[in-house]
Amino acid sequence: MTERVREILGWYRSENPGVLTNLARMLNHGRLGGTGRMVILPVDQGWEHGPARSFGPNDAGYDPHYHFKIAIEAGLNAYAAPLGFLEAGAADFAGDVPLILKANNHDSLADEKDSWQALTASVKDALRLGCVGVGMTIYPGSALRKQMYEEVRAYAEEAKANGLAVVIWSYPRGTSLSKEGETAIDVAGYAAQIACQLGATIVKVKLPTAHIEQDAARKVYEKEKIVIGTLADRVKHVTQCAFAGKRVVIFSGGAKNDNDAAVFDECKAIRDGGGFGSIIGRNTFQRKRNEALKFLDEILKIYGK
Amino acid sequence: MTERVREILGWYRSENPGVLTNLARMLNHGRLGGTGRMVILPVDQGWEHGPARSFGPNDAGYDPHYHFKIAIEAGLNAYAAPLGFLEAGAADFAGDVPLILKANNHDSLADEKDSWQALTASVKDALRLGCVGVGMTIYPGSALRKQMYEEVRAYAEEAKANGLAVVIWSYPRGTSLSKEGETAIDVAGYAAQIACQLGATIVKVKLPTAHIEQDAARKVYEKEKIVIGTLADRVKHVTQCAFAGKRVVIFSGGAKNDNDAAVFDECKAIRDGGGFGSIIGRNTFQRKRNEALKFLDEILKIYGK
Amino acid sequence: MTERVREILGWYRSENPGVLTNLARMLNHGRLGGTGRMVILPVDQGWEHGPARSFGPNDAGYDPHYHFKIAIEAGLNAYAAPLGFLEAGAADFAGDVPLILKANNHDSLADEKDSWQALTASVKDALRLGCVGVGMTIYPGSALRKQMYEEVRAYAEEAKANGLAVVIWSYPRGTSLSKEGETAIDVAGYAAQIACQLGATIVKVKLPTAHIEQDAARKVYEKEKIVIGTLADRVKHVTQCAFAGKRVVIFSGGAKNDNDAAVFDECKAIRDGGGFGSIIGRNTFQRKRNEALKFLDEILKIYGK
Amino acid sequence: MTERVREILGWYRSENPGVLTNLARMLNHGRLGGTGRMVILPVDQGWEHGPARSFGPNDAGYDPHYHFKIAIEAGLNAYAAPLGFLEAGAADFAGDVPLILKANNHDSLADEKDSWQALTASVKDALRLGCVGVGMTIYPGSALRKQMYEEVRAYAEEAKANGLAVVIWSYPRGTSLSKEGETAIDVAGYAAQIACQLGATIVKVKLPTAHIEQDAARKVYEKEKIVIGTLADRVKHVTQCAFAGKRVVIFSGGAKNDNDAAVFDECKAIRDGGGFGSIIGRNTFQRKRNEALKFLDEILKIYGK
Amino acid sequence: MTERVREILGWYRSENPGVLTNLARMLNHGRLGGTGRMVILPVDQGWEHGPARSFGPNDAGYDPHYHFKIAIEAGLNAYAAPLGFLEAGAADFAGDVPLILKANNHDSLADEKDSWQALTASVKDALRLGCVGVGMTIYPGSALRKQMYEEVRAYAEEAKANGLAVVIWSYPRGTSLSKEGETAIDVAGYAAQIACQLGATIVKVKLPTAHIEQDAARKVYEKEKIVIGTLADRVKHVTQCAFAGKRVVIFSGGAKNDNDAAVFDECKAIRDGGGFGSIIGRNTFQRKRNEALKFLDEILKIYGK
């Protein structure tokens, strides 16, 4: 156990030893084990965007085993997916990589400005599948967020009582937010804060832009001269919004980016801004296997420094 | 146990001894212990207004431990915050200050005239975190208040059956009220009454203005010559609306006020009007630590007289 | 919060903040607050031995309020009693002294070599009465101990999940033990160990004699030259048996002793041996009020040094 | 509300207002209303001893309505009976007399030294029948008392949470006690203590003799010179054993006594000893109606003085 | 994941992925990680034999942290202990070593030929403490074994449904067996079989002698010329009795043996006979720390070959 991992666990003293153990399992696994940094592979896009949109670009990805193998071979900290994907490989790869059960999901079969997530797996499922944690999405800004907060809260309480870590995907979205506002720096910080206040062990947000969405916030950013010029500055700010860096915050890469250098620069910014790592789905599984491994290798090198 | 605290507990004879004990714990803690007055530090603004608007002015406040320490060092009666903020320090500061779990919350990511609050923590959470009570917000005047009253009532029933005190933040808001009406004297008194009728142990309202919002009420205020000229008069009236002063009513200070003297005058008015104290968030944590402690020291001196 | 109390709480990191808070409440209350020492008043003898045997010597003790007052006036850390006794005063003295609900009990209306304890109060009772913890008796050595261990375990799990401290009275008794063996040093250490292994927050045992009951143990005591010559030596050994002193162990005084000096010497031995304090029932309530207060004052002085 | 009733209710401050209300209903009903004294008619003998043994001497007693009418016409404080007897009249006499549902029962179809009681009605039954309380029997001294204490405790918790008063019939009995010991003064006091510790609102015991059953107790009675010479002395002592008189203790008359004067003398002794009244079954319903009413009139006069 | 571990997991295909994951965690942890061999540190002797007999020879062992540290520093596969011992360190050493909650226990305070084990921790406890499995003892041969089998089975069912591995300590004992018979080869094989049939993930038995206890068995051993001459032969036979080696069987070392060479020879025999490893308590913690680490180092070398 490195000093850094011990320090991180020290921020979660109100949690039971089970939650601490499962958080440690993620922090200690893979090539980044012990560094306090994490790279997680999430594959819930089959549900969220549909299989062809997700796996068409690299049809090996239709096979659930493919993703387990990538996460294992690349030496990632954890692999996150919905019930079916985990059931399709959890026995085959038992013990090979920490698993996170993505426990709520949403499809894109309808055009809903104000979105929701359906509970699609139980805490008991996570236990029987050997997971280290559960993952839940909330949409701060959605007109339906009251229900989401309440469902996630109840689920998180049960998960933590059973020793599981809770990862909250906090993705601002909804009628009240502009498209640009979904990744605005003020909104991203707000989303991180809400996830932490709901009791998340790990928070996942999108990389923020320098846009400021809310007028009331803009005044403060300007008056207090909050530094948000570079991506690293913004990562630093979002991390600060997550309990002054005392909660593990990781950043998602978003859609497939053909410009690898840009993704690597993002990872460097996350690292330099004090973020804890990345959760990289489409940029991983929408490339061919060897490219994906090479791509992840580069990212792990960035974080491992 | 002072006579005054004994007298206050005497107003709550229908409550079980657990509720009385936890109310006594707050009344007996800190520098105002035994006086029957209370100053509580609430820090739910990270959720309610967003982290940058809340903690940007004094960025030490992003750290959950900071607020525990302020409440402890200043000698306040209690510290109130949402689940995440309490989880981030409840083990580290166990036994140092009475804790109130702010159990419902709302964000400002959408512009909703008629607002709601989501249940973001359970009674069991309050017990496992060692809290003396739970805090809930209602919005009298909101078109959604039926649901809020019903949720708060059910939660309060469970909390009190488990010996926890129930603090209700009663903040009039919604389509039917003018902006000015939210702090109108008639509305403030009404809000205090509703919180008491819902079974609150402690009621928190905003300081009222001399404005009268409702015509039906204005007739009575005028006919009965209800005295509302000074702030102390209005505090007295709101306290009267809270069961003739037989429920503990505290007043919130609202936004950061750079004019300290004005805040101190408000506290004097609360004291002179027979209010039980203040709940001071932004005016505390939006100043630098030393200034905040000095500021609170002044307020405690006012109430301690 | 003193360094010593902080150190003690540090031994219980697997417990939730509620348990830590309630343990802190006891350690911080009364004249010994902050020293890490405790003196607790237990009054369950009305049930265990009958009212006349218990309260006949000082008939003020028939009145439940009497014991609350003694515990408060003497400045003890906590008062422990069965449901009825607590119900008879918990509202009247709410907040004045930490309460422990003695949740199982046994009467002496039958002559049973292998004894049991009936569950006579619920965890919910402890919460509604505002208690900081629950107390349970086990009889290691009784032929019925399997059932007792199981009942106490389940009850303790529920109590701790709700933030309550668990105090286990571990009193060896039963067919297999000689009368002398009930307080033998090997048996006393064993009894302390079992209570700790059951998850007790605080352990209460009787002061041990230098007698060794079990042949298998005697060999070890002799071979390893375990020092048990003085009472302080034996207290030190029993405390060691309670997880190397990392669980709070307190000692019961037993029957009324007319020789006060002997009791004070016992307390000095507990203090010098590293015990955490005393639980003194009959020696308190079987004397007249003033004598009892004077007697407790002397004991608190011993522990306060 | 008389001062005396107010004083009695003041002993039960930990109870909820429902329990207080139902206790007040009994204390304020009938000819003794307001005096703090109670006479209750119990008719559970049809179950306990069989119908012919119970109602043969006055066959009007086979009819459930008969007992309601007696209790009402005589102006008693309450009427207690098992489920069937109450169901047979609760609607017909709704509001006429406070009802106590005798919720556990035992028949005499087998000769069992160590006896038990079966739960024969629910708390819900008591509520739907409009009862003010529930009655439960325990047999201190029975080898089965652990189970009885636990059943009664759980039932009492539920009843009190629903606002019902709990009356415990505490009748020592079992292998370990001699026949004479069942009414021995030490055992009677012990039985009263146990019922109070179990949380009883009202305790019912048998009138004690001057016999002392337990050696350990005898030493104390002799040493402390506890006065038990007259029946009034013994009533006074038993009342003292019931929390120094801070619980309502009533005494049962036992089998039909043809010597009315003896019964009246007993009532005078109860009154003079500070007992709260009588519960008189067989001496009421085993006489003809007019005699019974005359007999009760005499008793009420005794208590009314 | 090594081929060998993959092969072992392949024997448990009916188990859910959680059980497989936790079995893999043990098989992959520590210096023997990946070899398919295990050395586990069990410390339940404080409860089973008493603290002085257990920890007197090396008093560092009274401290619960000591054993965590030994298991971690030596690089063992897992550490097994009762509730209290795990609670005393599970948060401090979260993630450092796989934990097994010894969920039933027995003390030696009474001389019982036919012994039992009390359930002293719940499956929920194992989850909140972050354990990989639970451990249970059965006593095949005890007159009470029906109850034990049934308790263990029900507990194992719940544990496995929650993804926990189940370790069964199968220790023949009871009226029907001679002292020599407790470790007889036929009885040892029988004990292994029963544990497997109960659904154990890992079976722990004592090293068997060449003695044959049961006449009916002896006939077969002789007729079929079952080879039991050397210890390795007998280990091979017991392993065969555990589903032809398709369940992980480990062997306990028993009492402290001053002849290290003898213990090492036993480990070699276990290894050569196809056993999966050792569970070594007293031989570890009854020596000084450095000696213990050196001793374990030797054993790990034996198994690592």
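Letters are used for the chains, namely A, B, C, D and E, taken in the order the chains are written, and counting of residues starts over at 1 for each.
FYI, a residue touches a chain if its C-beta (ideal position, glycine included) is under 8 Å from a C-beta of that chain, and two chains touch if they have at least 3 such contacts.
This is a predicted model, so every value here is computed, not measured.
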item	value
Chain E and chain A - chains in contact with each	C
Touching chain B and also chain E, the following chains	A, C
Required minimum of steps from chain B to chain D, each step between chains that touch	1
Copies chain C and chain D touch via same or different residues, half shared test	different
Most widely separated chain from chain C, with each centre as the mean of CA atoms	A
Inter-copy rotation, chain D to chain E, in degrees (Cα atoms; steps of 5)	140
Identified repeat of the A-E interface (over half of residue pairs identical), from B-D, B-C or A-C	B-C
Chain pair showing more contacts of the two, A-C and B-C	B-C
Centre-to-centre distance between chain E and chain C (centres being mean Cα positions), rounded to whole Å	35
Distance between the centres, which are taken as Cα means, of chain C and chain B, whole angstrom	40
Sites on chain C at which at least two other chains make contact	13-14, 16-17, 90-91, 124, 129
Chain contact topology (line, ring, star, complete or other)	other
Each pair of chains that touches, named by its two labels	A-B, A-C, A-E, B-C, B-D, C-D, C-E
Footprint of chain E on chain C - complex, ascending	11-15, 140-141, 143, 145-147, 149-150, 153-154, 157, 172, 174-177, 186-187, 189-190, 192-194, 196-200, 214, 216-217, 220-221, 223-224, 226, 237, 240-241, 243-244, 246-247
Complex contact set, residues of chain A against chain C	13-14, 16-17
Interfacial residue positions of chain E with respect to chain C in the complex	46-47, 49-53, 56-57, 59, 62-64, 66, 82-92, 105, 107-111, 116-122, 124-125, 129
Parts of chain C lying in touch with chain B, wherever the complex brings them together	1, 5, 9, 13, 16-25, 27-28, 90-91, 94-96, 99, 124, 127-131, 161-163
